[in-house]
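Pasting the structures in now, so scroll down.
What follows is a pair of complexes built around chain A, which joins chain B in one and chain C in the other.
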Partner chain A sequence: MPEGKFCNKTPITTDEQLKATLNDKGGKQYYEEMNHLEVDSEKLWGTIQKTMKSRLKTWLEICAHCGLCAEPCFLYQVNGRVPEQVPSYKIQATLGQIVKKKGKVDNAFMQMCMETAWSKCTCCNRCGHYCPHGIDMGVMFSYLRGLLYGQGFVPWELKIGAGMHRVYRAQMDVTTEDWVETCEWMAEENEDEWPGLEIPVDKVGADIMYTCNAREPKHYPEDLAEAAILFHVAGENWTVPSEGWEQTSLSMFAGDWECCKDNVANVYAAIERLKPKRATGTECGHAHRATVIEGPYWMGREDGQPPVPFLHYVEWLAEALREGKIKIDPSKRIKEPVTLQDSCNYVRNQGLKDVTREIISYLVEPGYFVEMAPCKEHNYCCGGGGGFNGIGKYREQRNMALRKKMDQILDTGCKLVIAPCHNCWDAIRDLEEEYEIGIRWTFLKPLVIKMMEVPEHLLPKDE
Partner chain B sequence: MFKKILLATSGAPSTFGAARVAFDMAKRYGAEVVVLNVMGVPTKAFSHIVNDVRTGEEIEVDEEYRSWVEEELKTTFEKQIETVEYSKIVLTTGVPSREILRCAREEDADLIVMGASSGDSSVYRKGYPGSTLQKVAKAARCPVMTVHRETASYWGGFSNIVFATDFSKQAESAFRFALSSAREMGCDLTLLHALDISGKVLDQNEIEDQLIAARDRIRATYVPLMGDFKDFDIEVWEGVPYVEIVKMAREKSADLIVMAHHNHELDPEKARIGSTMEQVILRAGCPVVSVSKPDKV
Partner chain C sequence: MYDFLTGPMLWVTFLVSFGGLLVRAVMYVRGLNWQLDRVAYRPNMSYGIRGAIRSILAFIIPFKAQAQRERPGFTIIFFAFHIGLLVTPIFLEAHNVMLEKAFGFSLPTLGTGFADTLAWMCLVGGLFMVLRRIAFPEVRIITTAYDYLLLVITLAPFVTGLIARYEMGDYNFWLMAHIITGEIWLLSLPFTKLSHAILFFMSRMQLGMDYGIKRGGMKGSDFAW
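Right after this comes the complex of A and B.
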């Protein structure tokens, strides 16, 4: 069987396909079909010749096999430091071989590659920091994932995830109507406590446009309400687009390059349509990486920048606190040991380490903030990055991966972890579920809302 | 008075009391019952893997599971479904409080009925601290009725409704709801203010003065709104509010307690501790309706 019903080389593009694939319990049939999936070696080699840039080629060639990237990789550390977990080994044994064999590899080999690409690397880019040649496995593995996706060798959930983006232009089935309705709903739900609260949709020429993660309108719309409250209190002239509001990109983790580009194009089109002065997104880390760090390249933007300055939420928040648009009530500052999870996606990839600590300086009573060791751009992945969190097939490996973060948190002695990135937040939640170390975790928005001083004129009148 | 009643149920016995009240009322008012079941709290990915709300186990929500749940619900409530003209079952996944509110909004429900304990299993709270009830009661546009005990589930021949007021803005809406229920069902209405003297040192004279003032305030605030409705008494008792409310309900053999919800505490964990409403719900022998918005009363 060259192609299966669910497991095949064709992306999911319709709602029916999506539902059918979802109904295949745990991807049982999907993975069964994968055993018979034919590798199209010609296409594979053709793609490599067309898309493999000189940087990647050089990287594969110049790797000195010195092993300096081993210790930096948290997966190497938590998996008994076996050679199979050395970053250079992982990439040479997979992508390296595919290139060497000019794409002439078989099904079993591709399945091994899939397992390596999605369960032995979270694209956290930490190894790249320590390689004397600057070779970055995060980048290499992203590329390999693309090749695998093109051949149908991709974990079931990520095939669906990319499909969601293709069908709904969101990682979940949230339609434009659902989204706009949710904006109205949240404004209404909170207007009594926050008179004048609005979630303006499609306002042209606002100072800032806000985008989010589809999980929010779907399951946690209070996150959107919280964003609105903070913009409201900060006196920000803001808007959300009716289309192009979804900023995440599971397709980036699936390796669906075409879809990645479409996601970003959608957000950029909203920017061009609404002409805000700036844009910002939710606290999500990978959404930022997709839209702001990688996105401009997918779109072929020469300046490597989005159409308008696009801040990560931590940058917007730090600015609002710095400029006094939002003031923290000093008596409400956190007075217990608290630590911060640095998201690889915006700390290592965009250097937003100081700005997050600036936020901490406003929120935490001096003396109570405890850094993880290591931290900032040297911080380890939460253990669930790169799609790892969502893949059932590799749950055991993911749970193992959480151990590094668990040890880091335990070493700080803190019971409270601030984790702005959604995915890190999920991983830390799961880590508590799995290992029960007795911690709590929080996003920034609810924390700030609890701690801020609300100006008199914004309070409800008669109470 | 009610066209659409939203019954939020896990299908577990702890919600049977709520179900009985919801269906009884629907029969009485010719209302539609929307039976909402939130099958589970999404773990990760696209809400298809959820923690089952009853067992806490991770399950995959697919067509097969959906139809199984639907069948279960149909069997559980079979007799009751037959007694009403309109009913439907809605299944969804998500955070229960959110989905109850979402459904109430979509369906434009006039009343939400739920069991007090249905929303507080460990699964609901895992990672999403906070009580379903608190969140629903706070944000719902329509009154929210909680039926905590099976014995509290009798919504039939009514004799007395206790309306407990703290004179807040929300209490006005609660009052309107209490009054129209009393009119509709032709029963007595007790207007109660429980003067909170917990943790205060007051001498007897001061207490007496405050009791008189509260009585006057009830008279001035609510009596003019009652028109020709005459079957009411005014009571002011001092003590710990939830205790007094429950005591009064017992003394009057009340079939319903109506009160306002206006907790502004953002942290639901804290709200729980301080909430009179929650304590009343847990202790009362009859259904409790909480009203926080003026929209549907």
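Right after this comes the complex of A and C.
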């Protein structure tokens, strides 16, 4: 059987396929079929020849085998420093071999590559800045994931995830109607407390367009309401698009590059349609990376920039606090030790380290903010990056990966962790569930709402 | 034999070696692809160059990069090895006498004592490089025979050179051995991993541009290498 019913080389593109694959609980049949999946060596080698240029080729060739990338990798650290977790080894044993053998590898080998690419690397890019040659394994593994996805060797959840994006243009089955309804519902729900609160859909020419993570309308609609409240208080002229509101990209974790492009195209089309002056997204790291950092390139935009300036939520919030659009009530500032999770996706990958600390300076009483060690661009992945959080097959390895963050948090002595990244937030929640270290974690939005001064005219009138 | 090796053969060696490295540098740049690499090199060149310079400097100035500060032992060995390796042959008096004879110019030369020290630095550094490959499991697992071969190719001219210099054994034999191993080393530069002599700069430059343009540079945030 060269290709299975669920496990095959074809992406999921229809609702039926999607539902059927979802119904294969835990991917039981999927993984069974994977054992018989044939490798299309010709296509594999063809893709490599077309897409592997200077950068990757040179990296594979000149790796000095010095081992300096070992210690910087948190997965190496938490897995008892076994040599099999040395980044250079992980890539040489997988991608390196595929290249060496010109794509002539077998099923078992591809399954080993899959396990390595999705359970031994979160594409956090940390090792890359410790390597003297500047070899960035995060980039290499992400490339490998693309090759594996093209051959059907991808974890079940991520095949579905990419399929969701293809079918619904959202990582969950949230349709345009669901989305617009959620916007209306959330505005209504909070109107009593916030008179005049609106979630304007498809307003042309607004100052700022807001996009989010499909998990929010689906499971945490209050997050959308919170965003609306903050825009409302800040007096922003804002809007959400009815189409192109979903900014995340499980396809990026899956290595489904075609789909990545489609996701971004959808968001950019909304920008062209609504012509906002700027755009901002929710507190999500990978969504920002997909739409703002990598997205322009998938779209072939030569300047590497989205069509309008696109801020991460932390940038918007820092600006609002800086300009006094949102004011914090000094008596409500946090007066307990609190720490901050630096998301690899916008800190290591877009330098937003100081902006987040600026926000902290408004929210936390001096003396109570405790940095993790190391932090900023040297910070470790939360343990759930790169799709790790969502893959059932590698749950055990994921739980192991959480330990680094656990130790980092424990070392700060803080009970409260600010995590302005959806994925990091999830990982830290799971970390508390798994290891029960007695911590709390929060996004910025609810925190700021609790602490801000609300101008008189925005308060509900007593009747 | 001596005349051939230090005459035409030397010419050929230099030509192949330096020409080859140049070709590799040019091919590297030509193989960069803004869309595949996802870095807008051209429109943001000034950010790119700034990032590239920062990235290169961070790794050629001892103890500048965080990675080097965290590994002081390795950093010392690494720099001892590479400084010895690069400085000695270029500024050695005997080499410059040859240079003068062949090409009619020479470079400032080192005192003998200093040159000896540098050569020993390289040898001892190289020895430690071998030892850590054997001693540390995280290095052992990625080490191949090829890595050892390259170390042998690199260190051979130093071993033979030092033997000749101290006139142990047959001077002429060791001198020839030194010239031959030296030429083998030079000839290997463009064709083996030793090409990192130039590709190190290219790779560092590329990643530096990546950070300088896409990953924070244009947000005004310098990466702390």
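The definition used in the following text is that the second predicted complex is superposed on the first by the 462 of 463 C-alpha atoms of A that agree within 3 Å, B and C clash if a C-alpha of one lies under 4 Å from a C-alpha of the other, contacts with A are read in each partner's own complex, and residues count from 1 in each chain.
The definition used in the following text is that a residue touches a chain if its C-beta (ideal position, glycine included) is under 8 Å from a C-beta of that chain, and two chains touch if they have at least 3 such contacts.
All values derive from a computational prediction rather than experimental measurement.
**Student:** Applying the document's definition of touch, where does A:Asp354 land relative to chain B and chain C: first, second, both, or neither?
**Tutor:** Only chain C is touched by A:Asp354; chain B is not.
**Student:** On the A-aligned overlay, A:Thr239 touches which partner chain: chain B = first, chain C = second, or both, or neither?
**Tutor:** A:Thr239: touches no partner chain.
**Student:** So, does A:Thr116 touch the first partner chain B, the second partner chain C, both, or neither?
**Tutor:** In the superposed model, A:Thr116 contacts neither chain B nor chain C.
**Student:** If we overlay the two complexes on their shared chain A, which of chain B and chain C does A:Glu377 touch? Say first, second, both or neither.
**Tutor:** Once the two structures are laid over each other on A, A:Glu377 reaches chain C alone.
**Student:** Tell me the contact category for A:Glu189 with respect to chain B and chain C: first, second, both or neither.
**Tutor:** It touches chain B, and chain C stays clear.
**Student:** Which chain, chain B or chain C, ends up touching more residues of chain A in the combined arrangement?
**Tutor:** C
**Student:** Using the touch definition from the top, say if A:Pro221 reaches chain B (first), chain C (second), both or neither.
**Tutor:** A:Pro221 sits against chain B, while chain C stays out of touch.
**Student:** Do chain B and chain C touch any of the same residues on chain A, and if so, which?
**Tutor:** Shared contact residues on chain A (touching chain B in one complex, chain C in the other): none at all.
**Student:** In the complex of these two chains, what residues of chain A are touching chain C?
**Tutor:** Result: residues 51, 53-55, 57-59, 61-68, 70-72, 76, 81, 83-84, 86, 88-89, 92, 128-136, 293-294, 296-298, 300, 302-305, 348-354, 376-378 of chain A touch chain C.
**Student:** Could you list, by residue number, the parts of chain A that touch chain B in their complex?
**Tutor:** Going by the criterion above, the answer is residues 22-23, 25-26, 157, 160-161, 164, 171-173, 185, 189, 192-193, 218-222, 389-390, 392, 426, 429-430, 432-433, 446, 449-450, 462-463.
**Student:** Show me the residue ranges of chain C that touch chain A in the complex, using the header's touch definition.
**Tutor:** For this pair, the touching residues of chain C are 27-40, 42-44, 55, 59, 65-67, 70-71, 74, 78, 133, 136-144, 147, 193, 195-196, 199-200, 202-204, 206-208, 210, 213-217, 219-225.
**Student:** If you look only at chain B, which of its residues touch chain A in the complex?
**Tutor:** Contact set of chain B toward chain A: 42, 44-49, 60, 62-64, 94-95, 98, 101-102, 105, 126-127, 139, 168-169, 264, 266-267, 293.
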